[in-house]
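In the two complexes below, chain A is the common chain; its partner is chain B in one and chain C in the other.
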Partner chain A sequence: MKSSHFFRILHMTILSFMFVSFKIYALENTDERVKNLTLELRCMTCQNQSIYDSDAEFSNDIKKIVKQKLLEGKSERDIKIFLVDRYGEYILFRPLMNYNNIFLWSFPFILLIFGLFFVLIKIKTKKV
Partner chain B sequence: MNKIVILTPLIILLVICIFSLTYLLSGKDPNKPPSALLNKDVPIFESSSLYNSKEIIRTIDIKNKKTLINFFASWCSPCKIEHPLFFEISEKYPELYLLGFNHKDPTSQAKKYLEDDGNPYDFVGVDADGLIALEFGVFGLPETYLINENGKIVFKFMGPITTDVLKNEIEPLL
Partner chain C sequence: MSSLFGFLSLIFATGINFYLFFSRYILRFQSQRFNFFIRLSSLLTLLSFFSLMYAYIISDFSNYNVFQNSHSNKPLIYKISGTWGNHEGSMLLWLSTLSIFSFFFSFTKNIEDDFKKLTLIIQSFLHILFSLFIIFTSNPFLVNSILVNEGLGLNPILQDPGLAVHPPVLYAGYIGYSIVFSIAIAGLFQNKDDEWLYVAKKWSLISWTFLTGGIALGSYWAYYELGWGGWWFWDPVENISLMPWIAGLALVHSLMMVRGEQAIKKWIVFLSILCFSLSVFGTFLVRSGILTSVHSFAADASRGIFILLIFFIVTGFGFLVFLLKEPKKSNSLNLLFINKVSALVINNILMIIATLTILLGTIYPIIIEVLYNKRISVGGPYFNSTVIPIMIPGFLLMSIAPILSWQTNKIINSKKYALGFIILSILVLIQSFFLEFNTWGLVGLLLGFWIILASIIAICSSYKVKFTIKFFQIINPHIAHIGVGIAIIGITCSSIFQTELDFNLNEGDKFNVNGKMVLFEEIATTNQINFQSLRGKFLFDIEKDESRKIEAGKNYYPVSKMITSEAGILHQWNKDIYFILGDQKNNEWFVKVLINPFVSFIWLGVIIMMYSGLIAVTRR
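Our next item is the complex of A and B:
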């Protein structure tokens, strides 16, 4: 009887310990995710500062919203879209990969093709 | 002939770069990025009156009427500069619905501000936690939005509106 009581307490202690550990891990993980995400967001009221680095009221509001949305289970992309819908893409340091930004993302490759073409012609003319 | 062939891609590239830079930088002020909500539906909101917490205003209440929404606060100095203009607007355009959102302000201070400087608004909604401002993409006070009869945001202005802004940008839309 005593032994069963002991195991019950042990069982409860282990479960409580696991619960607290998971909770701490989840909160730390959320804080880390908030940090990573807000480092990619521009503080609209500051000069070249990320939301994470800024203490402006606007930045603090965004940090709170980001944390709230992450705790609600929203993905980072969902949160970015939520913010872009309200503040525009200017809030992102790295523009979204979409139809509007196709030129922006493809330009380095266009540049590379031009460069290769230029080098090939140069080599060809030298050989001749 | 060979030189022309070699230089052609470079010239094309240079033209593309100049064209892109001119397009990207023309008339754009990085301090005043365009509103993402321009020509979009007014965000869904619900706010209680500053004077009577039981009186609520919702998005549906401004349907089918031209509305000028102004985010202000008693602690915002530029708001004081533009404040008298709202009396002018209210007098000149009585059919225009003036909706003020008091942003992150203690109620007593907001009331005192409107008592001292006057209240030009048809309705003063409370935005204590700043969530309505967030829905509108506000990031600095004051900010003013003009909503047309179809519920679309047709104009947004960051900072205090001036007589010139009123005359050249708002009035043509009224």
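Our next item is the complex of A and C:
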């Protein structure tokens, strides 16, 4: 079948892409890590702005703290826990994956599985 | 005076709609007489809206609403846009838009009279709900109890041309779905033939096009006015407009299946009800203040509860009719791996999952606050890591969907596509290795280019290229998808390959941006009619003769004591150079320069999608 051939090639290309990209993903420097982390933090004195994007005093302080802690060798998780203790979970744009947020994080994927299931049942496998 | 006039027209219009909805004889009316009443009520509602606008234009501060939200030294355009720059006025705009849609619908020719009447009666019902809401909780025609000769001013953030036209366009999108809703309900009651599906398709395309325009205007405004360098922030207010947009997209695509004689009526009716429900729900979330905090909602709950009630009536009524008068089971779907029908079904499922995920993410903080009295944020990172992966298979499918066949699972010219895909992947991979490597960047670029390439292959190999109207109608789905591809490239480049440069500068300093020398000329302050402005003036590319001027700075609005930032943007076809003037420290100005590659592609893509929406309206 022509079409299955086509999809096999498609899959191969996508898989090789993913492989290459993961190898390169590991390289990042401190500034980059500060950026990635502060992009996920809310500036508490602004309106729906991330700490990275904001130039408010609050944000600049947090940026300094984050950079310092990263240089000290703290992990991103440690820093997040530190900030949540200080300012509450409200500071995190990416909600923690904890008991309260199980539903939030699993919901899309449950729906996805249901959707997949539905399609698999309904699709006719016989060839026309 | 104009306020009294406006209020009376509003009352009369509501009265007519009460008559239309509750009179038992109405269905026996000749359609001409019936249409006359509908049009009269529409005109009265519009009259009411324009008299409020008139009060704004002449700065009639005896109207409490004008006094609260306007100021006599505002430019005329912001006096006009001030009409809908506040809660009461925007609800009147909502009602007027509803009337306009009913008005135009009453001229539709190719449907049965009874069906049209029923649709319009449901519109009347919606009209009654919203006008009662306006009259009892948000009357814009209240008289000011004190005598004043100056108003309190309009929120400076709203004093911007983009945001002045944003609400009417967005509302046209939201409320366009009211017609689709009414048609679907009427279709359930009078389950005769499938003619109504074609009518619904036309109106859902119109609403979707408006909604696209409204959202794009809003995000373009955020781009140049907020001065953060981005154009989409997954802000709750943005999410709210995105939900009916995605659901509406699913609806438009489902209605395509009608053409393939694969009508899945049940699903279409469900989506029609969902779209309008989401629009009303969005209005509830924005207007009740519940988004900022549950406590601010509780402080003035009457409005919020009223809209919530409307939401439950509309949704409840819609889904109740849906359950009781379920459409007859249509012929079962011809789902194959993979033909057009299954591609559309999968895309629909993905779109609905995306919509529901956005909905959950938007209301989750509210739920948590109510349950645990704790505030959390669900922001960009959540949506980026849920919604985008969900959409990616959809985008992949979309690239080939228009050429799939309805009946069989054969793909015409599959070799050409495979070859095209492989060459494209190699090119994109090489490009990303030599420039800057980023996984998401690679995926985005590949997707974008692939969608465009596949659409072009499809156009060239399946149809004879002619420059007639009919040809453009036939290739329209491909054109729409090319628009999406272009937008994906723009979105990927501008969000992932954005570069940021920070400078601390004195006046007269020269600095290097992207290989071009820029001169920081001076800081200038000027007094405008209703604000004071502070501008950093820059000359871009001073080594060339035709260097470009860029001004970035801030405005201070004394009436409302607010500062807004004004980014200076140099638009080029392949990148925007975005200047933000920060604060002065130790006699040096902080200047942030962002280079946003290919932002213009986003707007181009959106314009192409809107064009396609309009072309699709013309085709049956």
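In this text, the second predicted complex is superposed on the first by the 80 of 128 C-alpha atoms of A that agree within 3 Å, B and C clash if a C-alpha of one lies under 4 Å from a C-alpha of the other, contacts with A are read in each partner's own complex, and residues count from 1 in each chain.
Going forward, a contact is a pair of C-beta atoms (placed from the backbone, for glycine too) under 8 Å apart; a residue touches a chain by one contact, two chains touch by 3 or more.
Treat the numbers as computed from the prediction; the structure is a model and nothing was measured.
Of the two partner chains, chain B is the only one touched by A:Tyr87; chain C is not. Once chain A of one complex is fitted onto chain A of the other, the partner contacts of A:Phe58 are limited to chain B, with no touch recorded for chain C.
By the touch criterion defined above, A:Pro95 lies against chain C but remains apart from chain B after alignment on the C-alpha atoms of chain A. Ranked by how many residues of chain A each touches, chain B and chain C are led by C.
When the two structures are aligned on the shared chain, A:Leu111 is found in touch with chain B and with chain C.
Once chain A of one complex is fitted onto chain A of the other, the partner contacts of A:Thr30 are absent, as it touches neither chain B nor chain C.
In the superposition on chain A, contact is made by A:Met44 with chain B only, not with chain C. With the contact threshold set out at the top, residues 88-90, 107, 111, 118, 122, 125 of chain A are in contact with chain B in one structure and with chain C in the other.
Listed in rising order, the residues of chain A touching chain C in the complex are 2-3, 5-6, 9-10, 13, 17, 20-22, 24-25, 39-40, 42, 48-50, 53-55, 88-95, 100-101, 104-105, 107-108, 111-112, 115, 118-119, 122-125, 127-128. In the complex of the two chains, the chain A residues touching chain B come out as 44-45, 57-58, 61, 65, 84-90, 103, 107, 111, 114, 117-118, 121-122, 125. Residues 2, 5-6, 9-10, 12-13, 20, 33-37, 43, 104, 130, 134-137, 139-140 of chain B are the ones touching chain A in the complex. Within the complex formed with chain A, the residues of chain C that make contact are 228-230, 233, 235-236, 333-338, 342, 345-346, 349-350, 353, 356-357, 360-361, 364, 368, 372, 374-382, 385-387, 390, 407-411, 414-415, 417-418, 421-422, 425, 429, 437, 439, 442-443, 446, 582-583, 590, 592.
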